[in-house]
């Protein structure tokens, strides 16, 4: 069987990128983002991208570097508050933006991967989000119809993965990664640890290998923290 | 906080059962069924039940014993082939039956738990399953609209659970249990091993405790096998 | 008049033992510091965690463990992690008992506006629309008025909505208002110390009944 | 004429290296015994498993490990387990490359009937409707005729349907037919040894073109 294992991010993306494509990028804020793949896309210089991602990184890290490179045409996101360049590009009309409520975005992606072209949700009824969409009553409540979402490519960050493409995420770095892995024509994954098939617990594989086309061990993980919030250590009870 | 831990199945179901209620029962065939809870419902004698379950047990085990007790008014299932009494009751008009494609049943339950009143699927278009339902075209394909499904009670079998109600399933005994745990007003769970909160791997909890109202260690697990299919052991390479 | 901390403490009195709770960013986050004695609640973070612990000590910081405000946090013995899809299935499906959120405007009919001001750069609604649509009880904590003096408890929202008829209770520095999702007239339930009814009337655009206990 | 085993072996030639495959109950299950050398496929079981192994030795039997036919099976190094909702998301979402299923009738337009006979006790469709609606390529293996002699490869299905225009290929004891989901005329691609074209014509109700290679 053709191996799914690639050596580098550039390797894993070879032949996959094209101008005007739609890319789903996992992560919440800077947590659980595919930083090696984002860098490789920056390198590749592909442009006019539509990017589906809950956020858009910060000015010099995460998806922010694709913004800085002028590679993104449109974002589909729920919150983009951490990024000054984003505001500039948007206000100057250079960047298109589609806001989705976070749960609707997550469910649209899950639906896209699960062969569900549309579903109804109470989220957004009576708001700007529902404009132009069908609103229907079920059992006395109103719901808006939302469409499934798919992409040409999903770029995913997992904690561990095996040669088969089975993936395990760690803590809240899971976030949007599992759904995005199911919703794209091609799914490319970077992991912190690449293990031999059979090493992961079969009852606890978060993304089965069927969803993964290429997998590689990331060369470098900065894992930058957006808001390091701490509490003081209490005095020792000596 | 009021404890979720009960001593017995009867304990866990105390005050929950009533005639005419809808019960979701986890399991696929006889694999991963809540056998202790089924016995307790048999004991309790509650009747006119609507039962949502992929199958209906066998004549003398699993949901079959509720059929034998004349307690079930209606089944919502995908396949009921393993049960002679079922056929008799159905053909005599004593038992109502609603067939759902297995994937549609699983998704309807997931939708019920996830606040989605309806979704579209290609499954069943042009068949008896689509009769009386809306069929709609998205991007040139036809899809049928299916409704979310909820219940008064879900009876669930997990492998391990903690005092908080966090659950872990084992192998293919997972099946319908996780979705059903999310889709009922009250969810009662039997486990093979009840552990102290904190013992389960937090990255690998299949059902978070928020979905669980009562949990207990099952008194007895027969875990009957429906079709023991084996292969002969090859001669040792001596 | 109540301080931000006192507003949070008053909102915390809405918590009941065994509740699963989602707290928004800002004053709502402070509510976690005032959970009443004998009340145990489980905090949900909509990015994919149930059972959120306190902020970490400096040497405990983990970039893989953040809350919905992207702040570093810790886990508890009872914690579990899941995807954002599973997290919002939990929220949308009505499994969270109570949410505490900030607001720009709350209307007498229960409408909530808290995500955009036309003409200003919009950061996005994040999970707010999902929370107000799905959570069983929605408590708003906010300043009673804008800096301009305009009331934020209004007859009808003028800002773009986050949700229709979704607010149950409002706590401001002046007092507590029962909104009841617009199913009944707004009622003033409590006034903060030193606040007069005249002051509340002067600063409140929404009509309300006085039902002080 | 092909035996059941030979039908399964011919169907197995449709497998490609790297395919994710779902095999139905009966003859389709036998296909796993004839996977061509050099071809590696991963078997999905729709109750919630990817990477299905062979039947267990007697002392390996595990009641928590069954396939969609409720038979005891084993796992492989590559296996993973998931819920039935996740399993059918995989199927419905078009992630399975090929499914081999039995049938009562296949029509020239690609329609499939394999779950009920009116007037007889109906056991249910199980996962069949989901599989034919979601899997990329559907191969049917069946006996060419009923015991009555009636053709099962028909001009139009008379039995209640499992899916509309879903069948890609049919393998029977007489040969192999390209159905192409009804997008082109049915073509006879291969005949089993000892079978004549006249015999195929006599036993086949559906119109077909002869395209033997």
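As written, the chain order gives the labels A, B, C and D, with residue 1 at the start of each chain.
Here, contacts are C-beta pairs under 8 Å (C-beta built on N, C-alpha and C of every residue); 3 or more make two chains touch, one makes a residue touch a chain.
Treat the numbers as computed from the prediction; the structure is a model and nothing was measured.
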*What is the graph distance from subunit C to subunit D, where chains are linked when they touch?*
2
*Hey, which chain ends up farthest from subunit A, C-alpha centres compared?*
D
*Name whichever of A-C and B-C has more C-beta pairs touching across its two chains.*
A-C
*asked:* Report the inter-centroid distance (CA atoms only) between subunit A and subunit D in whole Å.
replied: 36
*Can you check how far apart subunit B and subunit D are, centre to centre, with Cα atoms defining each centre and the answer in Å?*
28
*Would you please write down the residue numbers of subunit D that are in contact with two or more other chains?*
75, 81-82, 88-89, 91-92, 133-134
*Give the residues of subunit A that touch two or more other chains, as numbers and ranges in rising order.*
107, 110, 114-116, 121-122, 169-171, 174, 202-203
_By the document's touch rule, what are all the touching chain pairs in this structure?_
A-B, A-C, A-D, B-C, B-D
_Please output the residues of subunit A touching subunit D within their complex, sorted ascending._
1-2, 110, 112-116, 162, 164, 166, 182, 197-198, 202-203, 205, 208-211
*Which residues of subunit A touch subunit C in their complex?*
28-32, 54, 77-82, 87, 90-91, 99, 101-104, 106-107, 109-110, 121-129, 159, 169-179, 206, 223-233
*Using the touch rule from the top, collect the residues of subunit B that touch subunit A in their complex.*
107, 111, 114-122, 136, 138-139, 141, 143, 147, 168-171, 174, 201-204
*Which part of subunit C faces subunit A closely enough to touch in the complex?*
45-49, 54-58, 60-67, 69-73, 75, 81-85, 87-89, 91-92, 111, 116, 121-130, 133-134, 160-164
*Going by the contact rule at the top, pick out the subunit D residues touching subunit A in the complex.*
17-18, 20, 40, 42, 44, 50-51, 75, 77-82, 88-96, 133-134
